[in-house]
Amino acid sequence: MAAILIGFVIGIPWLGALILWRTNDENPRLQHTLAVAFSIAAGFSSLALIFFSSAQTAVDIPMGAFFGSLTFTPDGLAVSLTAIACVIGSLAVVFSVDYMKGEAQLSRYYTFVLLFIGAMAGLVLSGSLLFMFFFWEITALCSYALISFYNDDPKAVAGGIKALIITQVGGVGLLAGALITYSTLGTYQVSDLLESAGTIPANVLAFIAFGFLIAAAAKSAQFPFHTWLPDAMEAPTPISALIHAATMVNAGVYLLARFYPAFVQVPGWALSVTIVGLVSALITAFMALTATDLKRALAYSTVSQLGYMVYAIGVGGFFASQFHLLSHAVFKALLFLAAGAVIHAAGTRDMRRMGALGKQMPFVRNVFVLGALALAGLPILSGFWSKELILEVGLADGPIWAYVGMLLGAGMTAFYTLRITWLVFFGEARESLHVHDAGFAMKVSLGLLAAGTLSTWLLAGSFSGLFHATLPFHSIHELSTLELTEEIFFAPATYIALTVVCLGLGIFWMVRKQAAARKEAQFDILSRESFGFDWLNRQVTSITFKFASVLQETQTGKLNWNVVGILGALLVVLVFLLWSA
Amino acid sequence: MNFDPLNAVLIGVVLLLAVGFYGLLITRNLIKIVLVLQVLVKAVVIALVLAGKDSGNLGLGQSIAATVIVADTVVAVVALALAVQVRIRIGTLDLSKISSLRG
Amino acid sequence: MTLTIFPWMIALPLGASPLVYLAGRLGWHRVELNGRSWLVRGLALLALALTWIPFALSWGQFAAQGERLFFNFETIGLQADGLSLLLAAVTLGLGTVVVLFSGPYMAGEVGEEKYYAMLLAMIGLIIGLGCANDLFNFWMWFEAMAVSSYLLVAFYREQSASLEAGIKYLVQSAVGSVFVLLGVALVLGATGTLAMDKIRLATNGFTSTHSGLALAGAFFVIGFGVKVALVPLHTWLPDAHSQAPSGISAMLSGVVIEAGLIAMLRALSTLGMLSVSWGTLLLGFGALNMLFGNLMALKQVHLKRMLAYSSLSHIGYILLGIGVALTSGQLAGAQGAAFHVFTHMIMKGLAFLTVGAFMFALLYQKGSHRSLVIEDLAGAAHKYPLAALALSIALLALGGLPPLAGFMSKWQIFVAGFQSGDGWVMGLVIFAALNSVLSLGYYAPVVNMLYRQKMGDVVQQGEAIPMTMNIPLAVLALAIVAIGLWPSIMSWLTEPAGQAILFIFGK
Amino acid sequence: MTEYLYYLLLGLGAAFCAYRAMISKHLLPSTLYLACVSALASVTLYLLGAQEVAVIELSVGAGLVTVLLVYVLSVVGDDNLDPTSIIPKPLAFVLVATISILVGWMAFPLITTPSTSNEVMLAQVLWKHRALDVWVQVALIFSGVLGVLGLLSEKEHKIETQNESIPVAAELKKESHV
């Protein structure tokens, strides 16, 4: 049964992609209907799959020499992420019915959305490193295609290529890790790597571990690869919600979590993960403080929250990290989709031009506030529990300086979250934008996500039970939701964190009048430039192009020089032979 | 110094090759490039016969040398036909002017 | 005693070539232009279709026998091993597609019958090159193949650029062939024989490094290297590949340079104990090719020229696989290289043919013979959905994205690199992977351009792409996806080829 | 020793003629010098014992090719040649000299005192033992003839000639997408 359901969660969206690719753009109703039908079918299959989760490999297809076997393992980690991908995917598709109304090239749009959903499910379910990489790259391809969806806009094209190149560079780390695994163990199977990690020589294992860390950092837009995610915001907003907030960017965290038991023995690895998480969480929180573009601000906050998850893994809080991943996926998708509704209605992404929109779109305001409170970490919303859990683990097992940093980050999160909400929905109207509230399809998906934001934490107990039962290498303790709430309720870390969060909220409340009118300072420019990392990216690009220009001079088009090339090569070969003999 | 006569032939071959390659580098006229290629072919023909003789297989060396002469004459003819077309269409045989394709 | 059938793979296209020419020239003056077109292209297609029969039969024979097939013709003969059959499959496969594609593309051109005759001759000669078993005979095939391609490159002889590309190609090939002959002379001088198996026996007797043989090897590397387009011997390639008719660009890029590579390997393999040096050398050239090809392609605005430079980088990947096979005896490397030869044929063939289809629809029908620049394709997907998709698939496959064929063949080469356990080689593999990423920097903008929402003027005024052109494109595109999803589908072809590479080098 | 000198002189002579052919300012003398190279080469071949090849070289190399070249010259005319080369001459000289020395140094040990040749008739080797070469040669000549026909036939292609030069990549502005 599990095998059939796995076939469904990958096959249904891909079949849908195939069919939608063949549909005609003249008939958008059909396209919307088909996309919604396929994605919802995938969503239900993924939910059904949860009940068939096990640590056993469900599908095993041999692919011939050097390619290992294509295997799928529906363990707890995999099925929960599959469910996130498929369910939030279907909600994003439902949202798109309103959001993408009247857009051209819907068939291309839905094809890639559905292709992505299937690939994401494949990525997390895959039990083979080769096919994990395979799906990993397909998700990058879809992400690229969707960021560049409005490809008459050079910014969208540039953002897409930037995302593609950076994630691919990181992907080389995964590739190297997978290849080293195969060449030392003779297999691509994830379970084999986890089982026999101890038998791999320490330095080889370190290569694998750090290779995967690079891949994870690039995919999850962590420091120092964090520059692509803000530029990816040129994508249609449902895509930002689905790919760049709720699912694909989690793949990096997933990778680290998946292999944590194998890599934790590598000296320095856990600390590196902690630092990557910490630095990412802090610098992007800084950037979010001053961002003026609604979607970019949310993107910064995504990187920052992903930083929390990475940090949690670094300090050993596997469950806390995955729990935060779940709640973040839900409330960040909610925030993005709500922001999408605002942008769709207002026609701008600039928060300085908004203000007091809440009166005109009360539904969107309400759900956005709900999501924002979850992001800020206020009880009893889902974000509160997972963030407190992370900080608690950090205080208990992690270095204290990292904990202090993350605590500071929690304060800043509260600050910028309130700032965004205030600038968009409250205060006085700075421009007379005539907006309307969200459409029906939008309301459906926003409402469901809002319900999720209120309630997913109730699943914490079954979540940990699932992990405990199906992840033999991770040694997860099973805790019921009640035990968990008690634990958080009585931990001193909770009150420290809550104080900091309130401090952040309070500080913004005092400066709220200046928030919109503030003049741009040096700091704003710096932070918009990712503190120099965008400059670095541009330098790399321009150096590459300059180098290429220099090389172009070598192609003179003059036959005599071409012959010089031949004779020169002969000389080099002769010298090489004499030298090596 | 070994005064085996075949050494002298080898010197001749290397010299012809050297002149040929030098010619390929400094000649700017297309017809002359074809001409210089013929010089190289002559060097090769001598080298093949020399190799055959040196290894005691003169018949083999001769046979392939004869084949090479014919084959490379065909190449020269095609090259000349191309050169004629170049002269007609581009209007020059100067290699420095036949360089629109670059970069 | 079984009948030796594989020489028919060579004889059929070669024999059909003059027939096609004569059919186009003699006795058919009465037939209208279009009728003549159908006649020559029908004959050419028939000849190639027939050639598949001996291929299939000799494949069966080879698989049943499990070792090389021989055909003795007086003292020198032909042989067919995995490598020959790989080359035959690649050549026949792409050749058939190209002839099919060329129907409308070349229809009514002056010299159309010469085009098909030369194409058939070239196909036969390449298959023959793969089967040659005697060092000099081998050169004959090589030179004949080169001669048959000169006219094809300079086919549009009214255009100065074509002539320029043709003459450069000719002169540089001729210089290369001089080097090959010098190498042959050195081998003959050192061993007294030209039969490859005998040379191998003789050179195995030389215990230490033999300077004459090392020199011969250097000459082979350089001589064949001109055809393979090793950087810096590559300078003819971007010109020739971009100026030839598109079908020929596909053949040159998908088959001819690989044929040169296989020729180089066969020649080097006779030189015995130096294989590690050759492996290192090829790794070096591979790295250079990858980087250079990608950087040069990055700056191109002409599509065909960009594709030509991308061939340079793909030769780099193939060399990487072979280099690993030679330095550490990894079957994965040899097989991966063979696999990449195959997938590169499909991918680059498809890319050139699609660009050709666009040139046909957007420019030729309008009477313009300028070359296609990337900007011309703006929004082409609206009007030409199939061709645009095919080009996107080809380009993304070349960039190494799954689930397309290029990813799997590169992966196999990378596996070999890591299995070798050599730190330098692993570094090189990472370098290759980064180069793949770099290559997306020029493939991706083209794909973007195709899917622009606004159509460019050129596309708006374009004519339709005929069905006979679309079918080959669709077939190749499907093959790319199928191989990407199921890579071992091709191992019946690549594994014997890989084993043959290791075998001839005595690994 | 005298034989050595003969060969050396022939080699030097051929190289000298080749050099003259290369530097001559007009194409006709170049052609004649090439014929000289061919003649000297065929003498060398004769002395080496390859009488048949010597004849072929003399007739094809010195005869046919010269005639062809002269014919081509009459078609294209004698361009007045600009003596300055594209490549700096010292670079060309150093490159070629280094390669020649290396090649010579690596090739010389190959020369051994020849074992007595078992004399085989050229015709027999060529036509019987190496018949496949001849067959491939037929294909090669066929390709060459078709090539020349294709390049020089009278009919024009249907497309009109375009004299616009192909735009050079570097000169076209390309908006950088990255």
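To keep things simple, chains are lettered A, B, C and D as they appear, and every chain counts its residues starting from 1.
As a working rule, a residue touches a chain if its C-beta (ideal position, glycine included) is under 8 Å from a C-beta of that chain, and two chains touch if they have at least 3 such contacts.
The shown structure was predicted, so the numbers you read here are calculated from the model rather than taken from an experiment.
Engineer: Chain with the smallest distance from its CA centroid to the overall CA centroid?
Structural biologist: Located nearest the centre of all protein C-alpha atoms is chain C.
Engineer: Name the chain whose C-alpha centroid is most distant from the C-alpha centroid of chain B.
Structural biologist: So the chain farthest away from chain B turns out to be A.
Engineer: Can you check which chain pair, A-B or C-D, has more C-beta pairs in contact?
Structural biologist: It is C-D, judged by the count of C-beta pairs in contact.
Engineer: Compute the distance, rounded to whole Å, between the mean C-alpha positions of chain A and chain B.
Structural biologist: Inter-chain centre distance comes to 63 Å.
Engineer: Cα centroid separation between chain C and chain D, in whole Å?
Structural biologist: Roughly 28 Å, centre to centre.
Engineer: Distance from the CA centroid of chain A to that of chain C, rounded to the nearest Å?
Structural biologist: 41
Engineer: How big is the gap, in whole Å, between where the Cα atoms of chain B centre and where those of chain D centre?
Structural biologist: Distance between chain centres: 2 Å.
Engineer: Where in chain D do residues touch at least two different other chains?
Structural biologist: In chain D, 85-87, 92, 95-96, 99, 103, 106-107, 110-111, 129-130, 133, 137, 140, 144, 147, 151, 161, 165-166, 169-170, 177-178 touch at least two other chains.
Engineer: Identify all positions of chain C at which a residue touches two or more other chains, and write them in rising order.
Structural biologist: 136, 140, 143-144, 147, 150-151, 154, 157-161, 164, 167-168, 171, 175, 186, 189-190, 211, 214-215, 238-239, 299-300, 441, 444-445, 448
Engineer: Quick check on chain B: which residues sit in contact with 2+ other chains?
Structural biologist: Correct list: 17, 21, 24-28, 33-34, 41, 50, 52, 54-57, 60-61, 64, 67, 71, 74-75, 78, 82-83, 85, 89, 95-96, 98-103.
Engineer: Quick check on the complex: what are the chain B residues that touch chain A?
Structural biologist: Per the stated touch rule, the residues are 21, 24-28, 33, 95-96, 98-103.
Engineer: Sort out for me which residues of chain C touch chain A in the complex.
Structural biologist: Chain C reaches chain A through residues 164, 167-168, 171-172, 175-176, 179, 209, 211, 214-215, 217-219, 221-222, 225-226, 230, 232-236, 238-239, 277, 280-281, 284, 292, 295-296, 298-299, 332, 335-336, 396, 401-403, 407-408, 411-412, 414-415, 417-419, 421, 426, 429-430, 433-434, 436-438, 440-441, 444-445, 448-449, 451-454, 486-488, 491, 495.
Engineer: Touching chain C in the complex: which residues of chain D?
Structural biologist: 103, 105-107, 109-111, 128-133, 136-137, 139-140, 142-144, 146-147, 149-151, 153, 155-166, 169-170, 172, 174, 177-178
Engineer: Which residues, counting only chain A, touch chain B once they are in their complex?
Structural biologist: 552, 555-560, 563-564, 567
Engineer: For chain C, which residues are in contact with chain D within the complex?
Structural biologist: 14, 17-18, 21, 73-78, 108-111, 114, 117-118, 121, 124-125, 128, 134, 136-137, 140-141, 143-144, 147-148, 150-151, 154-161, 186, 189-190, 211-212, 214-215, 299-302, 305, 367-371, 373, 441, 444-445, 448
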